[in-house]
Amino acid sequence: MCRLLGYLGSPISLEKLLYSPEHSLIVQSYQPREMNSGVLNADGFGVGWYHSQKDTNPFTYKNILPIWNDVNLPTLSRYVESRCVLGYVRSATAGQAVDLSNCQPFESDRLLCIHNGRIENFRQTLYRAIRDRLSDVAYQGIKGNTDSEHIFALLLDELQAQPSATLEQALQTVLLDLDRLAKSHQVAASINMIVSDGHRLVASRFASDQQAPSLYWLRDDPAFPEAVIIASEPIFAGNWNSFPEQSIITVGEDLEIEIHQI
Amino acid sequence: MCRLLGYLGSPISLEKLLYSPEHSLIVQSYQPREMNSGVLNADGFGVGWYHSQKDTNPFTYKNILPIWNDVNLPTLSRYVESRCVLGYVRSATAGQAVDLSNCQPFESDRLLCIHNGRIENFRQTLYRAIRDRLSDVAYQGIKGNTDSEHIFALLLDELQAQPSATLEQALQTVLLDLDRLAKSHQVAASINMIVSDGHRLVASRFASDQQAPSLYWLRDDPAFPEAVIIASEPIFAGNWNSFPEQSIITVGEDLEIEIHQI
Amino acid sequence: MCRLLGYLGSPISLEKLLYSPEHSLIVQSYQPREMNSGVLNADGFGVGWYHSQKDTNPFTYKNILPIWNDVNLPTLSRYVESRCVLGYVRSATAGQAVDLSNCQPFESDRLLCIHNGRIENFRQTLYRAIRDRLSDVAYQGIKGNTDSEHIFALLLDELQAQPSATLEQALQTVLLDLDRLAKSHQVAASINMIVSDGHRLVASRFASDQQAPSLYWLRDDPAFPEAVIIASEPIFAGNWNSFPEQSIITVGEDLEIEIHQI
Amino acid sequence: MCRLLGYLGSPISLEKLLYSPEHSLIVQSYQPREMNSGVLNADGFGVGWYHSQKDTNPFTYKNILPIWNDVNLPTLSRYVESRCVLGYVRSATAGQAVDLSNCQPFESDRLLCIHNGRIENFRQTLYRAIRDRLSDVAYQGIKGNTDSEHIFALLLDELQAQPSATLEQALQTVLLDLDRLAKSHQVAASINMIVSDGHRLVASRFASDQQAPSLYWLRDDPAFPEAVIIASEPIFAGNWNSFPEQSIITVGEDLEIEIHQI
């Protein structure tokens, strides 16, 4: 279990997004409220963001320390302003190294991706099966050893194979493929994921043979007007909507919300 | 607030002392039960131990990561066997750097020292006043900037100034001096400390104008026979004795306990 | 010995400043050419910069790893664009902890500061003498234990005490004070320093009883037009000017250079 | 390129082995003399050792910092005494993360292994081909992404498949397999490896289509009597023997040397 945060809207400083909310990602790192497993998210963190004026590849910042102990993040958060941000605090699976390579967001060209959930007993179950399905490019691009990065690799391959597919279509295909694969191996899986190309957010709440982790969205809160926020746990009191189970929600550049039941 | 652990007795592997107990120092790092302030002890850790055969300076191992994320500690814990061990998990005062220099135990020649507690608003209150009292040697020996290390420096100076004083006498003198200093500056202070020379443990539960943090001792538990354990929180169910407030307890080489009310 | 870099001029991406030059700060970290002592600058690094549009406190990014191993710096360097940048790679004095608190630049309100040089045997010589001269505010503000940070604290106190003094006047006063102090303690000292308030660069090449480390400046190079660069070693072939020994050079907002012999 | 060190003989403190020699592994980290590529070995390090009395799995200690900056190693080196030690300082391939998972020695049950050399352009060449040959157990056991760990995985599989084979026979089989595989992919490879089970050292100097890195051995030097040392570079002046190219050398419990030409 980790905690996810996505933001799309008018330009915002990371400081306001990460530090101001009373139940911010920083608070969720040491006092999360809705974890299915684990008690903390103190095994590293990462943020990713897009330039607010230039159409370039996104930017990321990661550390293996607990987010509250990073001395650079406060100053970077004052500096960075963006229309599109992903944030992530990690709860490592026991025995997983806290290597930077396993810190999210993962990126590939214009895409950023964060994942919360798990494939049950990943190393002994779907690890090799997933890798065997990957193209050489996706295979060689994997740097760490988390289930999360492997799911993202499947998504990259799907986008490569179906250039005309939208991000949400590709994500749905991957989720259904993984569902079949998980069932055939009789393992549970949960895939709460937020993906972005800098213009839109695409997020899933999905599980195979288990309860999906919590995921919420909120639009145009007075404190964050002209914006949609997606979060594993509400980061402040407000009119948060729970994602339906087994759904993909897309947030467009116009901040319109579309909910697809899978 | 941090969590302390002291062990004196028959040779024990660090593995058994650190990993086996159900409420071990590792568990206390993410789920402590008796903290006066703070919710975790995930801002680094350290262990110190003495050679079980050779009469040499002690050994320490420290890291700024949460203790549960250190990949070296499990293997070192399998290797190290000692009659005298100090262990420590840190809850840094907000805004304190998680530098290694601030990780305990502190050491000087044969002595090891760990401290739990705080001098209220240390930087703005007793920081300079304490430093001004130090000898040049103690002054130059300070590497970090915690109140803990400064209290240890006072102890080293006292031992230097009174070569015939025992460790517990020197500690008592320092506690009383600090009590006066704290009162004169109208600041609260708490000083739970465990000091060792490898042969004995000397520990204090002491506070000035506030409640002292918890501290317990246990002797000859069936699971740890021929040994005394001192801990901020009982590390397993057993006949733990709470330190009286304002006391110094010494554990001799024969494991005899002496309780001095200050 | 460390390596320093200062930039003032038209907005530049950190990427171009830090990564493009053939003898960049990154190269100087593993293959420096003009070190008086030490062979590498691999004990951490830092960069500081000012916002190119907003008049706010500066920003810093630091790490204790060698600069070439930082995974975040390449992406941050793509993102950050500034008119005023300080960069620093560290060669720690043997036995100094590689704590983040000892990584430069140091900052205070609008000021950034980097220092190359050393006070001979600092801990045993001027450490306490300098601290004893500091105001409480400057004293309490020191987070690490380098000579560099203590010299910066003297500068902050001088600016506080002489509000009408310019940065270069305050720096000169500090250098002369330190020269006297060093001579009275019969220790050598060298103080190559770059200080900025975001509008100007003020840099010294100064030594007491030893040779000052190298320091160069360059203006309006074709590759970096409308800019002045100051560097411990030329970062590319060009018309670099060596600082005179015992001098302070100021670079104004108009990029005019003024050389003051001390 | 990295630098390797192996020791087998009478019990020795790590301190003497790692710190005393004038061209120790620590010196080789910042001033190596015989590197085919790279200029430093400052991208982490590791040591592995066996208990001098108990027949148990070996112990390792690793860090991603340059070896000279580790504060724990000096004290651990004072504590650890062993008959069989492997040491390693890393020069990471450009772009490789300095994750702990990529720090050697690698271990599996009683075996420790360190590797110096490289498979040319590994990710794009033999990475997937090697993985496809691995058993599930060896496949799932890989934690990082270095060519070194993959070669060790091949060795583990070979030992599993041929339980009656000696360590040197298994290593030879792996080297010849890799030679064929490298040639079929038209890539160069070099495999200087030291493997131990705590009783013997087995080391190779081997390359496919390129020059093998340097490797030396020394027996019964006056400073290290009753011992064999294997090292990428002589760690002090003495009667060092260069490994023949394409050879495997075994050092038995009786310290007898056997040289096998491959």
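Order as written gives the chain letters A, B, C and D; numbering starts at 1 within each chain.
The rule we apply is simple: a residue touches a chain if its C-beta (ideal position, glycine included) is under 8 Å from a C-beta of that chain, and two chains touch if they have at least 3 such contacts.
Every value quoted in this text rests on a predicted model; they were computed, and no experiment measured them.
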Open item on the list: Please compute the angle of the rotation superposing subunit B on subunit C (C-alpha atoms), rounded to a multiple of 5 degrees.
Closed with: 180
Task: Candidate from C-D, B-C or A-C with the same interface as A-B, over half of contact pairs in common - done: C-D
Open item on the list: Centroid from C-alpha atoms only, then distance subunit B to subunit D, rounded to Å. What do you get?
Closed with: 39
Task: Shared-contact residues (touching 2 or more other chains) in subunit D - done: 71, 97, 100
Task: subunit B residues touching subunit D - in the complex, by the definition given at the top - done: 51, 56-57, 59-63, 71-72, 75-76, 78-80, 100
- [ ] Spell out the residues on subunit C that touch subunit D in their complex, using ranges where they run on.
- [x] 30-31, 39-40, 42-43, 64-66, 69, 71, 92, 97-98
TODO: Using the touch rule from the top, collect the residues of subunit C that touch subunit B in their complex.
DONE: 97, 99-101, 123-124, 127-128, 131, 136, 139-140, 142-145
